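Both of the next two complexes hold subunit A, though its partner changes from subunit B to subunit C.
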Partner chain A sequence: MSEEHKQPLQSSLRVQELIYGLRISEVMTSKVFAVSRNCTMRDVQTIMKNNSITGVPVVDSKRVVGIVTMNDLMNALEQGAMEQNVTRWMVGEVQTLAEDMPLSFAISAFGKFSFRQFPVVNKKNELTGILTFRNINHALIRELSRQLRQMEQQSEQPVEPASLNLSKVYQLHRYDFENGGKASSEIKKFLKERGVPPKLVRRVAVASYELEINLVAHSIGGMLGFDINENRVKISSHDRGPGIEDTEKALTQGYSTANEWIRSQGFGAGMGLPNVKRVSDEFAIESAVGMGTMVQSIIYLKSEKENENQ
Partner chain B sequence: MELQRIAYALDAELICGPDDWEKINIETVFASDLMSDVLMSDRDEMLMVTSLSTEQSIRSAGIVGSEAIVIANDKTVTEGMIELAKDQDIALFCTRHPKFESCVRLGRIMEV
Partner chain C sequence: MKISELASLEPFSCVQGEYEDGEITSGYTSDLLSDVMGNAEEGSVLITIQAHKNTVAVSSLAGVAAIVICNDRPVPEDMLAASAEEGIAVFQTSENQFNTSALIAQHIGGCPAA
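The block that comes next holds the complex of A and B.
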């Protein structure tokens, strides 16, 4: 396959990676219609009808206590109970999403639960928005057009062979140990050819390699994105699950959940994430059980002093 | 120390390597079957000795700057490993000696 044929795949992966990295708060609908406990099903019907929406959260001093969906409304209608309180018909124990979670977690949640919308809450557990498939589609279209514009601009400018600018995304599959490591080899080569000092190349290679191994050994699959410019290398890893229960523990040297098979491959000693953190100038991890894990590692190519001087 | 001398001391068989592999200078050695440990290393590990015969051994060695790798204990080397070693310009060897024995032999010749 020629490079030309490979490009659409790479750009679609990039779009996926970009929307994975967005925060839920950047994508959700912030104008939420909610009702309080003492509202009736008729009130909900009016709200749904007037605003063309299919789900209304029920709140008690800003906390989500339930949600009334189109389904609940139809049930109430069938029973002629439209004047009854929403608390009798709503679904309690609502699955909410935190507004600062990466969008990839929400995408996993849509896959895992059969809900069509998720109420979004802030750190204080107060309702701040609602997330539907439509929001995700909009975000996708927005990123696609942005990507398209960028590609058009790039094709107008000839690429300098020595340029350090690179965005690339790799897809990794569960237990695919044979391909785990390809990304870091390629990136290592790219940096080496452009005269990046060996010590820095090594730190980038270690971080990306450990993250690749994590994706194939521990996740059900995910992607590894590289965003490189002359100042820094940014590596982002997104996976679709299973998520880490205790990220603090996962960053403890020697703590591992690896099975025998992973260990037989020479890994699973509980050094992966601590090692990524060790070689990174900036490091961040977020995880939610059942939704996924996001790790970001930044390695400066110029010392901070040089960055400041610019 | 020249790689040629090391290969001789380990009764190692060359699987693939750059043209002038004999002259490669080796000053540091790392022996491990745990790639996580290899990747934690801070210095350049010019030679890696391992009985883990997988593609990941070659990749890990490449990351820590190895110029040669010895697979101990008479393990089978796969085509994929050879490809990777060639791609990264790493000399790949095999020895019938177990890892401990290989390290003892290395220790004897590297001690001044």
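The block that comes next holds the complex of A and C.
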């Protein structure tokens, strides 16, 4: 298995990880042009033309009830029905995205559905933005140039080998138990060599290993990112699906969806995520079925050190 | 007790001997790797039937110093290779986990609850 999966360039993985971790609200277009139910297709045409956009959500007291795309507009035009109500031509069942989802979910959604744009809603289900491919491209370019700047700075002032600074991203593949654990071993070694107290190293190792195994055993593949500085270790795990139906349950000790084969590998005790949460100083999970799961675990290095000195 | 002294227990045999000898202060008995990961102590001996390469990975991360495979479960080659690389001793015994745990507990000063 290991030979098949060549690790891509670290810098490209970094960029991918960075944009995966962005919130949809940071990337979407917030200035949305929407119409109400009683607008006509002509109104939509004017809006599209004046603002060079290709999709207009239809809202009813801020809730998205449909979307009119260029396609619908052309159909109406062909039928000479431009004065008709948007409700006759819009697509009624709209896939929306939640604004606090990570961008990786949106990328999965673009892959899964053929829509070219997704209306974005807040917790109250009100329209707050729209997300298109363009937004994602912009974010990608922004992160790429930021990454390039960082690389330039680093080549001017190389990081000291003994310093507690590391950004590294690992790619993990489904059922590749062979390589599950490698990232954690490397990170453990890195911290140990730099004199991080064993107790902290162990907490990082637990969080990292459980997330690594989760990616291998439960996801269709994903990435595990480490961002380490003097103050803290930040571990983020992103996958492309299948997503967790009930994150509350997944955080309950003993709850597991592992199959027999995974269990035969010694996993699936239903302790993975609870273990991660227990060792983390900060913990966050976001998941949507069909789109993916993002877990973030932060472990402080500074405060613990100070506590031990007291 | 020392790791090397495990070999003298009946009916133990050492199947992977590349390790640095040291004191064992505690033990943990489990076949669930996440459980081991979360609960086994640094420098402990792991008593399990999980004869698998992943057991070595977990042991290494958790700081387990020695693994005892019970019920004479066969130890696969890749597990031996991984444990040699990590410097974790591996023993095999025909006894089950309960008896093995009891035996080792006696030698490291009884169980803490007693």
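Methods note: the second predicted complex is superposed on the first by the 295 of 310 C-alpha atoms of A that agree within 3 Å, B and C clash if a C-alpha of one lies under 4 Å from a C-alpha of the other, contacts with A are read in each partner's own complex, and residues count from 1 in each chain.
Keep this in mind: contacts are C-beta pairs under 8 Å (C-beta built on N, C-alpha and C of every residue); 3 or more make two chains touch, one makes a residue touch a chain.
Because the structure is a prediction, the values reported are computed rather than measured.
> Given the superposition on subunit A, are subunit B and subunit C in a clash or a fit?
Subunit B and subunit C clash in the superposed model.
> Scan A:23 for contacts with subunit B and subunit C and give back first, second, both or neither.
A:23: touches no partner chain.
> Applying the touch criterion given at the start, work out whether A:234 contacts subunit B, subunit C, both or neither, answering first, second, both or neither.
neither
> Taking the superposition as given, does A:174 touch the first partner, subunit B, the second, subunit C, both, or neither?
Once the two structures are laid over each other on A, A:174 reaches no partner at all.
> When the two structures are overlaid on chain A, which partner does A:205 contact: first (subunit B), second (subunit C), both, or neither?
A:205 sits against subunit B and subunit C alike.
> Indicate the residue numbers of subunit A shared between its subunit B interface and its subunit C interface, in ascending order.
Overlap of subunit B and subunit C footprints on subunit A: residues 177, 180-181, 184-185, 188, 198, 202, 205-206, 209-210, 213, 265-267, 269-272, 275, 278.
> Enumerate the contact residues on subunit A facing subunit C in the complex.
For this pair, the touching residues of subunit A are 177, 180-181, 184-185, 188, 198, 202, 205-206, 209-210, 213, 265-267, 269-272, 275, 278.
> Please name which positions on subunit B make contact with subunit A in the complex.
Of all residues in subunit B, those touching subunit A are 33-37, 39-40, 52, 54-57, 59-60, 62-65, 80, 87-88.
> Under the touch definition given earlier, write down the residues of subunit C that touch subunit A in their complex.
Answer in residue numbers: 31-35, 37-38, 42, 50, 52-55, 57-58, 60-63.
> Over in the complex, which subunit A residues touch subunit B? Could you list them?
177-178, 180-181, 184-185, 188, 198, 202, 205-206, 209-210, 213, 265-272, 275, 278
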